[in-house]
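Quick one: the structure is below, questions incoming.
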Amino acid sequence: MAAEVATQQLPAHKKKKEVALLKTWKRLIRNKMAIVGLTIIALQLFMALAAPIIVGVDPNKQNLELSELPIGTEGHVLGTDNYGRDIWSRIVYGARISLLVGIGAVSLGLVGGVILGLLSGYYRRLDGIIMRFVDLMFAFPGILLAMLIIAILGTSLVNVVIAISIWSIPTCARIVRGSVLSIKKQEYIMAMKSLGASDLRIMFKHVLPNCAAPIIVFATMRMATAILSTASLSFLGLGAQPPTPEWGAMIAAGQEYMWTSPHMIVVPGIAIMLVVFAFNVVGDALRDALDQGMSLDK
Amino acid sequence: MAGLIVRRVFQLVLLLIGISFIVFMSMHIAPGDPASIIGGPTATQEDVEAIRENLGLNEPLLTQYFDYLRGIFTGDLGFSYQTKQAVSEAIINRFPNTLNLAIASIMVAIVIGVTTGIISALKHNTWFDGLSTVIALGGISIPNFWLGAILILIFGVNLQWFPVGGLTEPFWTIEGMKQLALPAITLGTGSAAMIARMSRSAMLEVIRADYVRTARAKGVREKSVIMMHCLRNAMIPVITVIGLNFGFLLGGTIITESVFAINGVGRLMIESIAARDFPMVQGSVLLVATLFVLVNLIVDIVYAFIDPRISYE
Amino acid sequence: MEKKWFTSLLTVLFVLSLALAGCSSNSSSGGSSGDAKQELTYATTSKVVGLSPILTNDSVSSTVIEQIYETLFVRNSKGEIVPHLAESYENPDENTWVIKLKKDIKFHDGTPFHAESVKYTFDKLKDPATAAPRASLLAPVSSIEVQDEHTVVLKTEKPYGPMLAALTHSNAAIVSPTADKKQDLMKDPVGTGPFKFSEKVNGDDIVLVKNEDYWQKPAKLEKITFTVVPEVSTAISMLQTGKVQLIDALAPELMPRLEKIKNVETQKVDGTPVYYLAFNMEKAPMNDLKFRQAVSHAINREGYLKKLNGLGVYSNSFIGPEVFGHPKDDKGPKFDQEKAKELVKANGFDKKEIKLLVANTASYMNMGEVIQAQLKEVGIPAKIETLEWGTYLDVSKTGDFDITIAGWSNVTGDGSELLFPRLHSANIDATNLSRYKDAELDKLIDQSRSVVDQEQRLDILANADEYVMTQLPVLPIYHGIASAAYDKSVKGFEMEPTGQWSLYGVHRE
């Protein structure tokens, strides 16, 4: 019975969703800032995917004779670093790393956060325990939590991803829980429940899709935080293993050369700023677009 | 209100026990032996073993934890493995510096954030609004260790307007303000941006709200509409953000303190984690966590005063 | 109206924060101002662990300890060992050291310095209950006896060649027994040196003042402050703006900047430290001499030195030019990329990836990156694994690596004190990171330690070094240079090859 009700609803539901998506997209690209952000993200994506095609030079190829060349040198558009490595090629390959770290950390964090959030929003009995646990994680300064995790697991990019993802669980759990609480009370969920649909089915098929909007916004903004945090951890010497061309690690290494070759920190600093900026802007615009969408649908 | 405070304090105690357990266990699971760090690379196996015994690290783990917990309840946070200094003493020495920095930063953040946020909301969709949105978003996108290094380079070394590092005076003295200017801007920028965005959207929402329209329709003067009706209501979410940011700032001091050579609790944490100085890590983490919870409690109480509709009973 | 609202909000916040800060802020004394006469501020990157020579073993602590305490013997500027608190010494037999002490010396607390103080200090250093990190320094000493008020006798089971060198080590500095019984020397140190402890300010900054009753002419500086500045680049900025007058252990990448600053002078002295690759001799292919030779030929050490901006010395020997026992001629392998490639090809060394373990301090990581890239050039695939210092110490000692970058500062400046800890089979699982077990080398090292005649020791050590450079359990990359940068107003500053320095003869103009 329950299944029948659900399948009958599905086509209409789906169509409505597609329309809503299209509307959201249209609203999004009407926002000038969002276009700037999307362009930067698209560029980063392109750099990440096509790195070997864009640059012919190995980002780790050293040439101690040609070290610390300034920006604009022939053959090295963005100059070279203290080992004579080409900074442009390191930036391009670094785009790949920052994107991977961001996506990895955010998706891992989402899985954890969504599960905790769903459980705690859906089952009142679990709510207290899970939320206390979330409070506990909140009370840790994020960077410290990451430092402890890396102290246990060891210094590597993969462990940075794990540390950052754990750090984003509490926020995500709270957001999901909030949406679940409000959706749970809506009539059709109540109706399905009384028709005997299983909890799991309701949670994943009906509640979760309805939390999609805040989750997408959170994920986009979180990409920004994740990229920044990776840089901070690298600055503390807890990130990528050398000679990985990670942007944060490039800044950390360039610090000592700041006075003689400032481009070594300026270039990766700007790269990080642009990308983080882009994700923030798009996240912001998405929220506006989705918010309006919600209110129109009502 | 009293009920709220009692309940929160009780929760705080549980929370601290939980945190102390997590920190204790993670420090012990983590590779790296405090005794070999004290011994250094030149130490022989016998040297290291003698130090381990001396520090009580050969006791069973749970015995060590419960000894520690018992200590906390009698107000004894233990002694540093490295310096043999009482942990409470070490923290009390450094805490004023961290608090100085955190307060100065949150003040920078509030002044910049609330002002620009409100002005952008009032001048919605003007060039000022657009520019401040871009700057605000830029603000949260700057890695703060990078900003710190660049501020030192420009204002400390080239222009010599401010000292390049160190903090010896409290923030209300002239010398203290000079010492704090660069670190507070470094640390406060991210928060300023967040507060600006929150103030802007909260303000926008309030301006469009029905009761404001009603007030306007009743012919109340524009300025008093903004002051009486909008600001008060818009402040509620802004205060949450400020509260959250204060906690965030306490964590952020970890990096800023290193860049600006400020001898605070944040730096104590990094150094102690690196040295596997367990009692020192525990003590400083507990302090920061306590502060974070207390600040949020204060935020809740302030809420209740600003918005009488909220009750916690 | 709007303004008023804001001012009141701000006032409330301000008062609130004043109250908050007021509760906890104990007023700290003012920072040292740059222009004060005969005062000096030294900045270091990490904090002083403590001020007891017996209980500490870190370079930062020993910097302060050097100013407060004194040792029986010191090395002079030529590297020779001369008596300091001691007057003279003699060896009636190989196992007995009769040391006569100087008279009329007093500790800062008024306690007279005599043979009892030496016995007390050394007994305490050796006592297992003390858990002294450098107890091993005097491990060969079996007894310490007071012959008369100014004569102390050290007895050993076996002849101990580096005895005098060990007695120059700052961990063997003499403490005041009365003070040690009464107070914690870690916080409240009492020695015989030219400066005495005054106070701790602002958390970790240590202030020393001149010891007016010093047994030689009192120091010229009235007050010295040791302050902690974790970021080196910030410390340099403070040096530039006159907040700090002295920093040391400079990083090569900072030299160009330091040399451009007008009010700053730098000093470089050839030093005793050696930085090298340790091969894990218990694992394949590192236990194959051909592999070690291939690596040795692959690394362009002279080229790397150019990157160090004058902060390193090239010497194809493990015992460096400033260390006792340095060989006259150089027999080690030279940079030869073609030869390295041949060896790699012929023996299939390009098949297995090598794990290069590096502690995550800047200078080691820099070296690691260059070495990894150069190994790659000749076809040896290597992966860098960086670890925090604390973890590194443990992992390197248990041998969980293929090659690691290591350093040895050698504060005693004696070759035995390098070869014994780093390559003697007795120290596997501890300081012998290469896990090298070779009967012939063990014999040479033992000899170098047991012979008391210094000329003879020199030959033995030179032979041992030659043996090391043909067997290559280690590959020295470069030998360190002790360096410091200071304000031009600081006069009379002199570094020792060990990287230590005393402010006794320093004054400001």
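For reference, chains read A, B and C in written order, and residue numbers begin at 1 within each chain.
Note that in this section contacts are C-beta pairs under 8 Å (C-beta built on N, C-alpha and C of every residue); 3 or more make two chains touch, one makes a residue touch a chain.
Just so we're clear, the structure is a prediction, and the values are computed from it rather than from any experiment.
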{"item": "Pairwise touch network: line, ring, star, complete, or other", "value": "complete"}
{"item": "Chain whose averaged C-alpha position falls nearest the assembly-wide average", "value": "B"}
{"item": "Winner on C-beta contact pairs when A-C is weighed against A-B", "value": "A-B"}
{"item": "Centre distance in Å when subunit B and subunit C are each reduced to the mean of their C-alpha atoms", "value": "37"}
{"item": "Between subunit A and subunit C, centroid-to-centroid distance (C-alpha), Å", "value": "44"}
{"item": "Chain centre separation (subunit A, subunit B; CA means) in Å", "value": "23"}
{"item": "Subunit A residues counted as touching two or more neighbouring chains", "value": "151, 154, 255, 258-259"}
{"item": "Residues of subunit B whose C-beta touches two or more other chains", "value": "30-32, 149"}
{"item": "Where subunit C touches two or more other chains, by residue", "value": "231, 233, 388, 391"}
{"item": "Subunit A partner contacts - residues on subunit B that touch it in the complex", "value": "11, 14-15, 18-19, 22-23, 26-27, 29-32, 133-134, 137-138, 140-146, 149-150, 153, 197, 247-248, 250-252, 254-255, 269-270, 273, 285, 288-289, 292-293"}
{"item": "Complex interface listing, subunit A residues touching subunit B", "value": "33, 132, 135-136, 138-144, 147-149, 151-152, 154, 224, 228, 231-232, 235-236, 248, 251, 255, 258-259, 262, 265, 269, 272-274, 276-277, 280-281, 284"}
{"item": "Residues of subunit B touching subunit C in the complex", "value": "30-34, 36-48, 50-51, 53-54, 82-85, 90, 92-97, 99-100, 103, 107, 110-111, 115, 149, 152, 156-157, 160, 163-166, 168-172, 175, 223-224, 226-227, 231, 258-261, 263, 267, 271, 274-276"}
{"item": "Residues of subunit C that touch subunit B when the two form their complex", "value": "1-2, 5-6, 10, 13-14, 17-18, 20-21, 24-31, 46-47, 49-50, 55, 57-58, 128, 131-136, 184, 186-187, 202-205, 227-231, 233-235, 237-238, 240-241, 243, 388-391, 393-395, 397, 406-408, 421, 427, 429-431"}
{"item": "Subunit C residues touching subunit A - in the complex, by the definition given at the top", "value": "231-233, 251, 253-254, 256-257, 260, 303-304, 306-307, 360, 362, 365-366, 368-370, 372-374, 383-388, 391"}
